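Each of the next two complexes has chain A plus one other chain: chain B in the first, chain C in the second.
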Partner chain A sequence: MGKRTIIPFGPQHPVLPEPVHLDLVLEDETVVDVIPSIGYVHRGLEKLTEVKEYTEMVYVIERVCGICSFGHGWGASAAIEGAMGIEVPERALYLRTIWHELSRIHSHLLWLGLLADAFGFDSLFMHCWRLREKVLDLFEKTTGGRVIFSVCKVGGVRKDVDSATLREIVEVLKGMAPEIRELADVFMNDSSVLNRMVGVGVLTKEEAVELGAVGPVARGSGLRQDMRLNGMGVYDRLGFEPIVEEAGDCEARCKVRIREIFQSIELIEKAAMDMPDGPIAAQVRGNVEGEFALRIEQPRGEAFYYTKGVGTKFLERMRVRTPTNQNLPSLVKMLKGCDFADVPIMVLTIDPCVSCTER
Partner chain B sequence: MSEAKYAIQNFELLDLLELIPKVRSLKEEGYRLVQACATRSADGTITVIYSFDLDHVLYNFKVIVPENLEMQSITDSYWSAFIYENEMRDLFGIRFHHLALDYGGHFFKVAMPRPWNPEVVQEEEKAPEAAPEERRLTREEMLEIMGSEVEE
Partner chain C sequence: MSFFRMKKVVMNSLFKKPATRMYPVIPREFTSVTRGHVEMEDPEGCLACGICAKRCPADAIRVDKSKGVWEIARMQCIQCNSCVETCPKHVLVMHAEYTTPDPEKKVDTYQLHHTEPKVAQVGDFDPQMETGDAGLVCDKESCVFCGLCARNCPAEAIRVDRAEKLWEVDKDACMKCGLCIEKCPKKCLTF
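The block that comes next holds the complex of A and B.
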């Protein structure tokens, strides 16, 4: 055994958009052990249940993340709706599904850009983010916001989208598809990109099960695990089937996300075509009494929401568990045995969102 | 809504002694740990909720935390639970025995210690010897816990 050196990685690091600290134990250039540390940006959002009414908590929980904000708003609303026994109108479910899939497209494009940036392919990074802007424009047009939308509320949604705008969304996405395909071609075929990803950071199917991996990390390791299969939204009516890759390496995780972008475009098109007329919100009366737990498939993976009320306007507990929380143990496993130079790419391929993790 | 998998709700209340056997049997049956979190009722009772998944259906069970706030860790069966148990240690002051990776109450950097259970801070201050791990562990100590050694 060679001499061991501990290299601190983060919380401030060029490749990290958010603060996570890793103590990397190295033997020569090989990582043999990892200790993750988080906790730099704990905001105590769950504790705000003591001072925010349950209807306001939806907007607090939405602020858990600036990328998956819509999904968090949906998860919090759905947990409260479940505890109160509220039936959400069909049109609202379709709209939620469309906004959620738009979030997935913009999140995956953002991630692809960050990945390109991490291995020094700056023009690729800029093209990914240029395309992402078009999705943000769609958000702005339909909700008024580009990052935080505040369009999901307990009982349904706050804004409707007319047929002309729905057609425009589909047209914009269809127009983006060939450009995304060009970018995907670089990620999937360029040797300089593949050299950094193929066979790097392998997480086997068994390890993914053992460590509880979620989202593209789990699906990249061959697990057919996607919370869009559990009956949330209208996915069951859109013929949704999860995208799975078997290799378990960085490239597999990248492939899953790229294929999910095209899948989301198809899902949005189908939802826009099938969307029924009708109200966009149910009436909400009374306070939350009882508890409810559910999961939503965020772009980064499964997010968990638990709510408990005791009949007052304040919830006793609102719990959010984000995907990165669940993928950190898998990251530790992946890093053991890797080359020091591969650490940034591997950290990125779990698409870490540390602020979400700490809430 | 009632037909959907996400609408299936179960919150079984278990005795503290049943916790570890239950977790082990779930592990054998192939359940995946989804999360663990604590809640505090108005009367001060703290409950830990464990959530597991099998085939996209959630199974939750609860355990009431004893007054001494000491429990057995489930990291023996589910290593990834160290994140949740350290979080509960920081926010509620619950101590987990045999925790695979113990940050000693310093996983999160919080402005106010044990924000969900501030009374426990006074108890910890009264009896500091009862909380010997109440300091940031050194890297070497962490590595020792994880079974590695640092050679100088």
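The block that comes next holds the complex of A and C.
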């Protein structure tokens, strides 16, 4: 047994997009133990919901995450709608689904860029983010915001999208698909990329179940688990089927995300075609009374929302559990026994969002 | 094989237009719906009712009715558009351009110019007028209990029940914005 060294990794680290802190216990170059700690970017957003009216609170909850902001807004709105028994109009559900899937495309492209940056492939990183910019432009055109949209509200959505803009969204995405395919080809076939990912950070199916992995991490380990199957939005009408890879290593998680981008493009295309006419928001009267919990599939995995109201304008409690929170035990498991040089790649393949985790 | 692929990428990149913009020489184009920053367009028309400040989820807006001051903390504002949507007088406007970066946490202050107290006219309410204890009054003789006042009340201070011919106002919640007086089809509401 060699001499043990503890190396602090993060919260400020050139490779980390998010301030996660890991104390890595090393024996020579091998990681033997990992002690994660969080608390660097806690903002107290859950507490803030207790002093803000539940209708405006949705815009606060959106700020839990800058990448899956729409998912958070939807989750919070849906939890309140559930507690109040509000039925959301069909058109609003379709629009929510489209924006949510666009968020997934932009989140996964962002993640692919960060992954390329982590293994030092900077031109690939720039190309991923160049494509992501087109999705952000679509967001700005339809919602008014580039990353935080403030378009989801309790009872429906705040902005409608006309059929010409819907067609434009589909055309832009169709135009992007060949370019994404070119990038995907590099991620899946380039030997310098594969050398860094194949067989690295293996998480078996049993371990994924045991450690409660969610999202692409779980699906990359062969687990057919996706909250879009649970009836949120209109996924059941779009013939949604989760994407699963069996290998459980970094490459499998990367493949899941790449395939999900193409799947999201198809889902948006179908949703835009089937979009019904009608109102975009239901009337909201009264205050929240009762409690409600739901799970929603965000780009990074399953997020959980719990809301409780006691008949006042303010919520008694709003609880958000984010996907990274769930994936941290899996990350610790993956890191044990790996090479020190592989740590950044593995941290990235769970797509950590520490700002979400700490809220 | 990979040599040809690489050559193709290099040639493409040589002749393609750059993906970036020469900012600030070429300014950014905003869409018609971009939420850049909130502006007080008409300080004369503002009632200082404070609904914007109440609805602001980030506590960025402060309204001082006694001094006639409306303030917005630019760093705190999250451009959610709530204030613009709820303003009963539509004096707040969302502009597409972002505010310029600033090393200071800037607070923009607007002085609201109110005229001297005068007798209220229907649809022309002055918030500085002394309304007395009576507050909002409904002439039940001409009221048809349509509920438009209640539906338009931004403070949800009015309750109307057509079946029971009930009209009541929560005087504490009423912000005296005068919107109900404007909306009333029978013009039976007065301060």
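The criterion applied here is as follows: the second predicted complex is superposed on the first by the 359 of 359 C-alpha atoms of A that agree within 3 Å, B and C clash if a C-alpha of one lies under 4 Å from a C-alpha of the other, contacts with A are read in each partner's own complex, and residues count from 1 in each chain.
In this section, a residue touches a chain if its C-beta (ideal position, glycine included) is under 8 Å from a C-beta of that chain, and two chains touch if they have at least 3 such contacts.
Because the structure is a prediction, the values reported are computed rather than measured.
When chain B and chain C are set side by side, the one touching more residues of chain A is B. When the shared chain is aligned, chain C comes close enough to touch A:E140, but chain B does not.
By the document's definition of touching, of the two partners only chain B reaches A:R317; chain C does not.
In the superposed model, A:E53 lies in contact with chain C only, and not with chain B. Only residues 19, 30-31, 33-35, 55-58, 78-82, 94 of chain C touch chain A when the two sit together in their complex. Those residues of chain A lying in contact with chain C across their complex are 52-53, 56-57, 59-60, 63, 130, 133, 140-145, 148, 150, 158-159. Within the complex formed with chain B, the residues of chain A that make contact are 1, 3-4, 6, 23, 25, 32-33, 35, 37-40, 42, 44, 47, 82, 87, 209-212, 225, 227, 229-232, 236, 291-295, 302, 304, 306, 308, 310, 316-317, 319, 321, 325-326, 328-329, 358. Those residues of chain B that touch chain A in the complex are listed here as 1, 3-7, 9, 11, 30, 32-35, 37, 39-42, 49, 51, 53, 56-58, 60, 78-80, 82-83, 90, 101, 103, 106-110, 115-116, 139, 142-143, 146, 148-151.
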